[in-house]
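Residue numbering begins at 1 within each chain, and the chains themselves are lettered A, B, C, D, E and F in the order written.
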Amino acid sequence: MKHRAVLAVGICLGTVIVPVLSQAQLFTPTKEQMVEYTAQNPFERFSDGRPKIPDALIERARGLSAEEVWAVLPGQGFRNQYADGFKVLHPEKKLAGRAFTVQFMPLRPDLESLINTRAKAVGIPRMNNQVAIDMLQPGDVLVVDLFGQVEGGTIVGDNLFYYIMKTTRNGGLVVDGAIRDLEGISHMEMPAYYRDAHPTPISNVVLSGINVPVRIGKATVMPGDLVFGDAEGVYFIPPALVEQVVDKADETHIHDEWTRKKFDEGKYKSSDIYGSPKDPALKREYEEYLKKRLEEIRKNNPK
Amino acid sequence: MKHRAVLAVGICLGTVIVPVLSQAQLFTPTKEQMVEYTAQNPFERFSDGRPKIPDALIERARGLSAEEVWAVLPGQGFRNQYADGFKVLHPEKKLAGRAFTVQFMPLRPDLESLINTRAKAVGIPRMNNQVAIDMLQPGDVLVVDLFGQVEGGTIVGDNLFYYIMKTTRNGGLVVDGAIRDLEGISHMEMPAYYRDAHPTPISNVVLSGINVPVRIGKATVMPGDLVFGDAEGVYFIPPALVEQVVDKADETHIHDEWTRKKFDEGKYKSSDIYGSPKDPALKREYEEYLKKRLEEIRKNNPK
Amino acid sequence: MKHRAVLAVGICLGTVIVPVLSQAQLFTPTKEQMVEYTAQNPFERFSDGRPKIPDALIERARGLSAEEVWAVLPGQGFRNQYADGFKVLHPEKKLAGRAFTVQFMPLRPDLESLINTRAKAVGIPRMNNQVAIDMLQPGDVLVVDLFGQVEGGTIVGDNLFYYIMKTTRNGGLVVDGAIRDLEGISHMEMPAYYRDAHPTPISNVVLSGINVPVRIGKATVMPGDLVFGDAEGVYFIPPALVEQVVDKADETHIHDEWTRKKFDEGKYKSSDIYGSPKDPALKREYEEYLKKRLEEIRKNNPK
Amino acid sequence: MKHRAVLAVGICLGTVIVPVLSQAQLFTPTKEQMVEYTAQNPFERFSDGRPKIPDALIERARGLSAEEVWAVLPGQGFRNQYADGFKVLHPEKKLAGRAFTVQFMPLRPDLESLINTRAKAVGIPRMNNQVAIDMLQPGDVLVVDLFGQVEGGTIVGDNLFYYIMKTTRNGGLVVDGAIRDLEGISHMEMPAYYRDAHPTPISNVVLSGINVPVRIGKATVMPGDLVFGDAEGVYFIPPALVEQVVDKADETHIHDEWTRKKFDEGKYKSSDIYGSPKDPALKREYEEYLKKRLEEIRKNNPK
Amino acid sequence: MKHRAVLAVGICLGTVIVPVLSQAQLFTPTKEQMVEYTAQNPFERFSDGRPKIPDALIERARGLSAEEVWAVLPGQGFRNQYADGFKVLHPEKKLAGRAFTVQFMPLRPDLESLINTRAKAVGIPRMNNQVAIDMLQPGDVLVVDLFGQVEGGTIVGDNLFYYIMKTTRNGGLVVDGAIRDLEGISHMEMPAYYRDAHPTPISNVVLSGINVPVRIGKATVMPGDLVFGDAEGVYFIPPALVEQVVDKADETHIHDEWTRKKFDEGKYKSSDIYGSPKDPALKREYEEYLKKRLEEIRKNNPK
Amino acid sequence: MKHRAVLAVGICLGTVIVPVLSQAQLFTPTKEQMVEYTAQNPFERFSDGRPKIPDALIERARGLSAEEVWAVLPGQGFRNQYADGFKVLHPEKKLAGRAFTVQFMPLRPDLESLINTRAKAVGIPRMNNQVAIDMLQPGDVLVVDLFGQVEGGTIVGDNLFYYIMKTTRNGGLVVDGAIRDLEGISHMEMPAYYRDAHPTPISNVVLSGINVPVRIGKATVMPGDLVFGDAEGVYFIPPALVEQVVDKADETHIHDEWTRKKFDEGKYKSSDIYGSPKDPALKREYEEYLKKRLEEIRKNNPK
């Protein structure tokens, strides 16, 4: 949509230059646009402007649960950042990484022709899923809006899934659409969330945007969001709220520890202890426990 | 997305100038972008670049059926231009007009703040559904992507529906979302296609694009498409194919006339006459009938 | 499936001979098989063995309601003869006629090739929906098992619908699949029950049987069944039970008359009168009313 | 549940005494309990304690739309009072009346035996739908929780529907379940909301409560609520809020009048006039119009 | 609903007295009412009147399968005691315990206010899920009617799930609604059946009854029922039928043993052996085997 | 349907003769008919005419994935041979075997009486699921069309499942319907695909055909098809295409090996290597690798 910006993305595993993609793509933002979209980002950015949540925070996020995200986001006005109803490849694994978004639309030849004409002008022979996949970075989660399409909505099979796993270093995949080669993929370790598996290759769609805001279920995802998934579903957390979420989660973990220790003693009704202790002495005991444990944890997780 | 273009849209019912909307909107195209999106348009354009299928063709399109559109589009590679599953306000009325598209996304405060900051910079106090509605032209059909949301996905109630009816001169509405005030709306004559009615006002969404390509069901709609609807569903026809569709439909109408006349004679099995007559004499009879009737029709519909 | 029988069906509107169809069709029964399938039929038969419920009974059946059929069938062990969930073309019209059944299966080329080879051997160029439609008789209801397929499951458009209407003299259509040209069809008077309308022509299926037992929803339909439909759904009544159903319905109609007359008097609670009057005097009154009215009705409907 | 209270309900059309039903019923409240349930009711009560919204208010409520109810209820903390997804018998008619609630549960013989033993003890031979129906009063709407059951969940057929229409004087029916004899019922004028029609009689359920709080969809309905329905769905309005709702609706009607008059002038964009006029002169004009029209209306609707 | 009874429930893990809950709750039964509801119970009762199926029978029930329950219940007129469509936490574990039922309704402020006023009057600050949870006993299964609500319908998260597991000694949970903290819960051993997991805390509902008859899917559950679950779904078995069910299951287990032994011999068609052996010698062999094995089993399971 | 053929099926585990079943069954084919149905079969046949894909090919098919089948079938015109949406008993196991098909229809007493009369005439006391099960051969997969019925649509419980496992030597089961005794079945090793589990025994259906073409989802299955299933779904492959499918899959396996080896080197973008290498040197490298590996594989799998 913008005609002059040059997007020079260093590809992690090779030396190839991805050319001026914002010229080639219908909705792909320039670096200035990306910065404007994500103005509240408190962290560094990739060379294309996408927010780069620090690796250490992503690692801490792996200890979250969906409930701990929920404890912060709606209170900050972010009520639509959760998507569920997925099939989950490894429900016992947590997903945590930076959103790399891709948008598809139902194929129409005039739109496809426009997009491929633009692509050719910058040296990309044909705009397809691999153009986006080849731009992935370590720590990325590929987030794909395929508007729920299953037949022909298969973003990857086992070979490209393997490539993504290698390139993102086990980042992950969230697709509002399908995957193929489920049998082969099920032996790979990368977390993945998908609507269904289907044997058809991707078809009858056109790639309309890379790293644009996309819709997954009833959530809007921005490039650079922290993507967090557990057995229940997936959360998309704006970079500006990530630290608050993981800090609050530390307290929740300690609260859970203490609560269950008390339940194990077998002397209390649930309402004596939970949500918060009613007895002043217990309350004090809890607060001291919280303080001590937080200090221990924070020592191990220096900011 | 583009920062310099000025979009001066003459509003039909007043004298107000819509300011530089492509600066204010996330995905709203400049005139140059609009022309590029719809490069195959054979007709004139509005001042913002949107294709303007001639009124006469729109009137002829009102005689179409969905099957007659289907008879042309897939053969030209356009297999996804049909959407159904709507509630239809007046199934006995045909819908025909030019697509004016609007896209919404699930609300997130950072995105909304970005959009409203941009809007204010060009003099629009708040970006909402009325900004788009105030841009409608006679002959337009408002096509709204609200990603199927019903509660809070109500694009208009009866007052704004009334305004659209007046402004578009009975153009029409297609919303992948909801309407409210169904009772009041049901007394108005404008054709409308919607997923459901709900008493909530529009909420929890953000307007992310005006006259951008949008998804309605499994169809991609471009601004300026001919929107055609009957009791079955809605077709979105690229301007470049409109003439071919209505010409082909003339033949189909004549074929139907002749076929039923023959069936009324009671002398034939269905397969003697339909799809096409098998007997050479009948075939000749049909071809002469077709030629004569086409001439009569074309006299009344000069190009 | 049988190799020698010759099925000479006189076609009502023409003089063409339908050739040995039971040789051509995968599951089409011979006359002997048809008689065996429908051994309990108490009425005459068509020349191909299909039961021919008398026209007078069909006319009386038009006065039924679905509840009156239900009042008899389950008690006779027929618990699965009802199908609903259809779109109903003219909900205010009653459907009543003799089942002419057609079965389709998902296309596979080896099956299609087998069927068309057999068809050609008896002079039918290609086995398709019109082969069945050309066999319809006055009073028939075309009952089509298209296993719920909508896209490509369109048994007829408006031209063939018109033909069926003329040939069956407003018999009717029940399709566990779709129709096309809904707009055109909606102006025709014949009752029709269908899952949905779609613009595609029939495709990706193969005609596998004519006048075989078929499944419609969770009901098994035999050729020659009385097909009865009202605004709720469709009943398939074995010929042997038709008389019992319409006789019982006469009593129900009289019971309704009397019950509402009593309710109109405003002197009774519902339970005084309905299901049956509790007061002995009222009971006697009702029984006399029933007897008198039955005599009047039977005079007009001599068996 | 309570053992001594005597519920003497005068039945409108007869002189029969409904015996001590709260003894017979599992959950049927005594008069004291009913008053406690509905303590905020500002109006008179029936002899069994059920709130009796005045007839005049009910008549005014017939002019409401679902949106006008929504404009008041959520702001008062009542966010769950709306139910939709019904089939609507006469979508062009408004439903307005006092809730008379009935609750059913899936049949289990021990529960049924308990209920019928209690019923017999107070002279009711068998507890069934007619026990409740015989208690209906003019102006009542029968609200039935049949937990969505369609087969066997048919609260009435055409005879009892007719009785309800006569007894409640066109009050109405809302059933989270089914009706039977749709064909016969469709000729009667009383508004009705139901999930589906089915030919089976009511069966496999047990009547567990009369005039208890019930669930309809995701709404809780209390006996004596104002039940309001239009083409969209049904609202259950607590008596304490009815006056506020209809008063606010008067203003909305006037606002609609004025808005459309302005739109008809063709001089304004929608946002100049709607939601509220922006120009101070227009604002004044509207306020004067509102005042004048309110006075006219209030003259005709004295409190 | 009743004003005098005092419900003194000994809480297993503490010494706190649950006050007169039947005064506080809308539908909570008194001891007399509980006894009346469950009059056919052949076993002892808890101090609040709830039937107490003996521990030994519950242990035997853990060897059941859903089919073995089905083999007895419908024949006794209990056709609606089965619910399925749940997500199952540990499908490989069997659920067996005594039903402790809780009913919720959609929130309306007048109802909530009534309930909390009553609760305060007996010393409960606020009526919520923990009031019920604190009443659980060893061997109980918490059965919760949340009318299928998922968002906001989350009866417990991992802390309260842990408390229930400890208090009921691995009893179990069946909720026609949701749970939260699935990730944490999935590491705990207690069997649980739920519609879905969601990150929201419980909200927008009001607790309307404890140990009242509730609806789970299409089943009515009474307090004190034996709740049995396997990988297929959940059965609710009235105390009076428990012994018959487990006795009959012993025979089924022996029949399965013998049948498979015979199949392993490889000399028989399935119909020679199953449902029952046709050959008189085999029949005798089986009957002797049954008798011998029953004796062995009964020795280990003295009544 | 045919009256003279004698179907002498040698039962694998016993010596019993299955009598003239094609006389007994509504749609069961004679040997001549079976040969005609499956005329393109390149392999040997069973004594009843059913194609017998060689054991060695079935073993090779166990290495397939659904995608590899898809790579061949649609290109040969077989676009409907895939069914999914099943619950899968052992998703980690592959299903491969010869289709033995069974068709059921909703029960109607006249049809059942006809079928059982025929059955008795040839010595079968009652036509039921065990008649079909007793005909199974080693390597068979039982494919059952129960039109999606779950309650009462339970083709087998654990005893008959065990029998099938023994008789077919772990062949498999695909049922468009249900199973019962899921708990018991889940410990058995045979692959199975079913819509759901339910405790009811099979009922309210009638067995209408053995080894006839059946519909499973949107696929037509012929007796003797290769049934292949993995974690995604089930494919039905005509015998004539089996060899082509497994040969092509060998190439795909090699291509996968090479592609991942290259990805592991970390020097390439995905599009350098996949779908096919773009660099001529890499292309050559791949072709040599393919040739060498194919030779190795073919040595181990001599035709």
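Here is the rule we use: a residue touches a chain if its C-beta (ideal position, glycine included) is under 8 Å from a C-beta of that chain, and two chains touch if they have at least 3 such contacts.
This is a predicted model, so every value here is computed, not measured.
*Asks:* Go through the assembly and pull out the chains touching subunit B as well as subunit D.
*Replies:* Of all the chains present, those in contact with both subunit B and subunit D are C.
*Asks:* Counting a repeat as over half of the contact pairs in common, which of D-E, A-B or B-D repeats E-F?
*Replies:* B-D
*Asks:* Measuring between mean CA coordinates, which chain is farthest from subunit F?
*Replies:* In terms of C-alpha centroids, the chain at the greatest distance from subunit F is D.
*Asks:* Would you kindly state whether over half or under half of the residue numbers at the subunit A/subunit E interface are used by both copies, giving same or different?
*Replies:* At the contact between subunit A and subunit E, which are copies of one sequence, the residues are largely different (under half shared).
*Asks:* Just the number, please: Cα centre separation of subunit B and subunit E in whole Å.
*Replies:* So the centroids are 56 Å from each other.
*Asks:* Compute the distance, rounded to whole Å, between the mean C-alpha positions of subunit C and subunit F.
*Replies:* 36
*Asks:* Could you list which residues of subunit B touch at least two other chains?
*Replies:* none
*Asks:* Dump the list of chain pairs that touch, please.
*Replies:* A-B, A-E, A-F, B-C, B-D, C-D, C-F, D-E, E-F
*Asks:* What residues on subunit D touch subunit C, complex-wise?
*Replies:* Against subunit C, subunit D makes touches at 11, 13-14, 16, 130-131, 133-134, 157-160, 162-163, 166-167, 180-184, 186, 196-201.
*Asks:* Spell out the part of subunit B that touches subunit C in their complex, as residue ranges.
*Replies:* 65-67, 69-70, 82, 84, 91-92, 94, 230-233, 235, 256, 259-260, 263-264, 266-272, 274
*Asks:* For the complex, give me every residue of subunit C touching subunit F.
*Replies:* Going by the criterion above, the answer is residues 1-2, 26-27, 29, 33, 36-40, 76-81, 105-111, 114, 147, 149, 204, 206, 208, 213, 215, 218-220, 222, 238, 240.
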